[in-house]
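Look at the two complexes coming up: subunit A is in both, with subunit B in one and subunit C in the other.
After this line comes the complex of A and B, so read on.
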């Protein structure tokens, strides 16, 4: 542990930040550390109350989503035939556009804390589930033989082997989940809560109160980073080992791959959707089932055109940011690996920033970069950049040492090692980040559109919610979810192709 | 046929196994293991010894033929906790101490905890001061010894040992070969020991089956009528050398 360079770096950063903020033209959009400190001092009570509320909602959603993930993982591992369905449903939940689900939940659950908690739970459920499924399978076959040789079955497997083997993966998932829960709770608060960091963000965004915005964002980011660090510390204490550096959950091998899987999943989603509306006895004015959404999409040209226009505006920005973020993350990881000295400085910074729920600081970033396409694309790119960068850096380091030694024996330099060995080793991590980036990009673009730019799907969904145009709102939710899942499946298909060639060992079931 | 004076505990009839890749590891094997005796299987590596052991334990399903253990199926016997396997790979759980790893077998076999028995076995395999140590801090040979203790702790009626001393150093191996057999021999335990080492086979067993290269066939069936307990300098015994050279001859013509 050598805190020195980090400390010096931090001080330099603070000074530079303050100097920038004091530059007059930037002062309109950037608050310096001193102003932030003053603002926080003057509003400490307000911020403390808001933070307490958001943190408690995030914690409730964190518990709810993660318990659900543990339950689903146990089901998937006890009955492997159900794995693909369970994972697919969780993915559908993860692909729901949070900012449209927020208003729907608000109508359903009223002005209390319900929507914030549910959104926080949705934001964590899938990532923890995917991490757990990897962990539960991280059991050598011979351990299973041991259990079987005493005549015991899959419950004993789960109890004696899998549960314990999955613990490090669970903690790694929980670490990613902590800031995600914070993000979910804040997005929930955007949709009309009474108190919380999200409420403050909206309020100061509307008032363009720059020091307040920066202060709130900083406090939210710090809280999320502390939660991330606390879970890491807990894991080290309990497991006496570091949790695996789980960047984006790795690929969960399909229990069986066929075309039947997606069909069953689609039927299950539509069935659950219709059944939930029927069973909850929701008002038909508000709750739209699959049939009505299909009718609206196919037979209402006005609605369809509006939706498609918004989709066109959002899709380009999201795709551009997504690709830029991925390319930037992978590119920087390659550069840093070629210049190993830089990694020591960049990696801790990136790990810390990964824990920042970027979207909650999104308004600021757009404020800095402008309310235009560039600002939106940049925010999406930043959202994708950090996870990709860390994942790729990790992947590059997974290159097998013996093969690298072989290259060194033949005096092949870092560039040759990169081209022939490391890039292939990076691919699994890169694709894991690429898959997880799909919903993240959609979340980022819709939040910015809603809070800042007033264009595209985000704005359309917000408008539909505020004018009670529920047909539009439900249709948008369905469309965005389907598109997100299709994109996710598309990335997964490319991943299978590429890894089949470059990393066949990753493709084993 | 040696061993035929005692009743057969394990009977394999027409046993075959073709692995998913199409590798035929065991073909049409007829075998009987006498109750209470230790039988050694020796054969070139890759000939199907582990596969045969797994078929007997019922961990793999045969492609053809049957295994019957004391009149019942392997699965039924496993549920009774009657079988123990010491796997080729020690397969200790990394988060448990040696003591906990050994005790785990009793839990899995639904037997009462017996800390004294666990401690005795740990001492006997020479891991006296290491009961509270985790596997990561043990050498390969020490791990294998812990796995042997684990396989014995349930007092199994059927004991299947797959190259249990593979990673153990020569000196310890000789000592274990002397100290361990009394734990199961003379108690009605039927043991099948897979090994590479002819000397080990002669030292430990009552009967030696020499297997051919894959798919395994029996090329020699040798009785080992040496008295027990067997002394440390057994390998100087002319009868020992005679059996060992027979086994070597069988192994070399395959």
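After this line comes the complex of A and C, so read on.
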């Protein structure tokens, strides 16, 4: 039996890693596999307890967020008029900057596991809902006609047809949600949790404990990857077919040409915000309503200038990393398709790395690349790269077989097939990844700014929370959320124009 | 055999507490003490008071609420989730400017822990040495450096700030000449990693900002006075015991918080290094947590350099005075 190339590659990688770590100049940045193993062996109890706590919070948030997503999806299908609003509210929740709402949740919920679970739930809700809504529509019209001919209503339709059709999509959504929940729980721990992987990360970052930092990062990454893989395995067992890797989320409300949808959504968001503050009886010291935020943004030039300066610092880095990540993901997917032998090695690696939580690896990557713009841009790019690579690869494989056969008959090579057929087939997947990447890029840039570089919006939001500048904090939350939603809508608008030409079948309602 | 050896009484109690199952058996009044950072020997005086049951004796069930990088201290105190918070004069002044009604009722760190840390080959021994140096620091601390410069007539623009957030690595790697940090964290981390550094305590050069201050709302000072007295009494006793044996305090911290990822040597070193910041001739004469008018006016001046306008009303010695009068 010959060893698999993947195994040899992994062994070479480990040896190279160890050699690099033994280079003295890197000793304060990089820990090798041997050091990590020793550290984990000596601290196995500590890490196991921390992992248990973070994983159970992530699991609770995962259940909460996904049940909420299933409930919202059912509402959207039973009352289609509500779909735009439900999806828009979920998107708003997904676009909220985790760093800024962490302290707000801690104040609301007090000591305990509350913020960790809620942040985990928020991190998964939208992606699962988006996946479910596509799945619930993936039903042949004739089947629906059959149900209707028996005189049954929308509820029977949902129960007997749509729910079953949506299962593969649900599992695909859950697979992405598992690592996201883990990341959300870790960010939640920064708000004063007693134990967990996030607490250990902060501790070891300050203590300059390099082997500990790498060990914690490795364990957190492995846990997230295992959750990802376990759901994939469960889906294969239950469904007897692979879940669709890629989620093509449905159009966002802003995609409608009418202005009514966004206006209704804005009114709903502002109404919910004001009502929540009033109903919870929050102290005006830290709870700022829409009116106060509007007053701050429009009538306080100092606050506005500070916010805009930070926004300017972050926006350039986030945009550069976002575009680099998208281009890199699509580019590598094209290369791998042209050289199919490489896919077997690259795809599992990319699937696994997509699950790595940025909170633990972010500081390490910036440590390696430097505290300059390059480090931050690279980190954002990495965060965008893996999902878009996987999505694009899947899209490239969707090219219709008959058309490719036609090309082969005419002796047109892989390059011609790529240019004329596959790239067009990749576009829907590419744009889905581009839309989902908007909040991811904002999360990445703010986390790096907060933990490592101390600039931009991430630092501003953390500083505002620590100096009790709650008008600034709530204003930053509102501005970042609105910008994220506008960028999302902007990508959706480009998508509509491009797909209208290259993939009109995607434009069906 | 593993099970029977680990099933000690303390282990079971700790385990139940970790699961949130244990409810205090005594009928104490529940109060929260919001700490300003992750559990560490930085708050060991409170742990001693908790561990020896001094709060329980005065019918107080104190919950020590951990802080963190994204866990502000002031809101839980405003909301009443915590009766007392561990803040610092500048953060308290900032919260008061935003409408919180706080009073400082005790000062744990007489001397502000901010230092400029440098390596012996390229030392910073006085503020004048800063000219022409590259300093690694969190951008958020720019006002702190600016205040130090104006207090010592150093040209702020002659210093090059390198944003490094909170890490000692850039100093060791030679990316910067010095760091702005706390006496008790990065220098300790470097020492444990075998790197000895010089520290210049900013408090010795006019930077007077009371740190690790106990804050409470004015409402609590009138409505919950009994609890405040009992809480601060426990703190005073705890910190006096801490001073008598800092190594024991470090060991207690590790025992009480096995999941905090603490290292015993680091904790012992940190415990010893914060003693000179917390105890002085003034506390010798007037007891732990006290302050005098001279230090308040120095604070008011430094706070003005930082951009905060406060008056002597921010400090309220009535709780400490009542405890010491007993």
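The working rule: the second predicted complex is superposed on the first by the 492 of 509 C-alpha atoms of A that agree within 3 Å, B and C clash if a C-alpha of one lies under 4 Å from a C-alpha of the other, contacts with A are read in each partner's own complex, and residues count from 1 in each chain.
Here, a residue touches a chain if its C-beta (ideal position, glycine included) is under 8 Å from a C-beta of that chain, and two chains touch if they have at least 3 such contacts.
Just so you know, these numbers come straight off a predicted model, no measurement behind them.
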item	value
Fit or clash between subunit C and subunit B when superposed on subunit A	fit
Touching partner for A:408 - first (subunit B), second (subunit C), both, neither	neither
Touching partner for A:455 - first (subunit B), second (subunit C), both, neither	second
Contacts of A:497 with subunit B and subunit C, given as first, second, both or neither	neither
Touching partner for A:164 - first (subunit B), second (subunit C), both, neither	first
Subunit B versus subunit C as contact partner of A:465, first or second or both or neither	second
Partner chain in contact with A:278 - subunit B first, subunit C second, else both or neither	neither
More subunit A residues in contact [subunit B versus subunit C]	C
Angle at the Cα centre of subunit A, taken between the Cα centres of subunit B and subunit C once the superposition is applied, in steps of 10 degrees	150
Subunit B versus subunit C as contact partner of A:192, first or second or both or neither	second
Minimum distance between Cα atoms of subunit B and subunit C in the superposition (Å)	43
In the complex, subunit A residues that touch subunit C	28-29, 43, 46, 49-50, 53, 99, 102-103, 106-107, 110-112, 187, 189-195, 199-200, 202-209, 212, 282-286, 367, 371, 451-455, 459, 462-463, 465-471
Subunit C residues touching subunit A - in the complex, by the definition given at the top	20, 32, 38-39, 63, 65-72, 74-76, 78-79, 81, 91, 94-95, 97-100, 138-140, 162-170, 172-173, 185-186, 189-190, 192-193, 257-263, 266
Parts of subunit A lying in touch with subunit B, wherever the complex brings them together	140, 142-143, 145-152, 156, 160-161, 164
Contact set on subunit B toward subunit A in their complex	54, 57, 59, 75, 77-81, 83-85, 87, 89, 91, 93, 95, 104-105, 107-110, 154
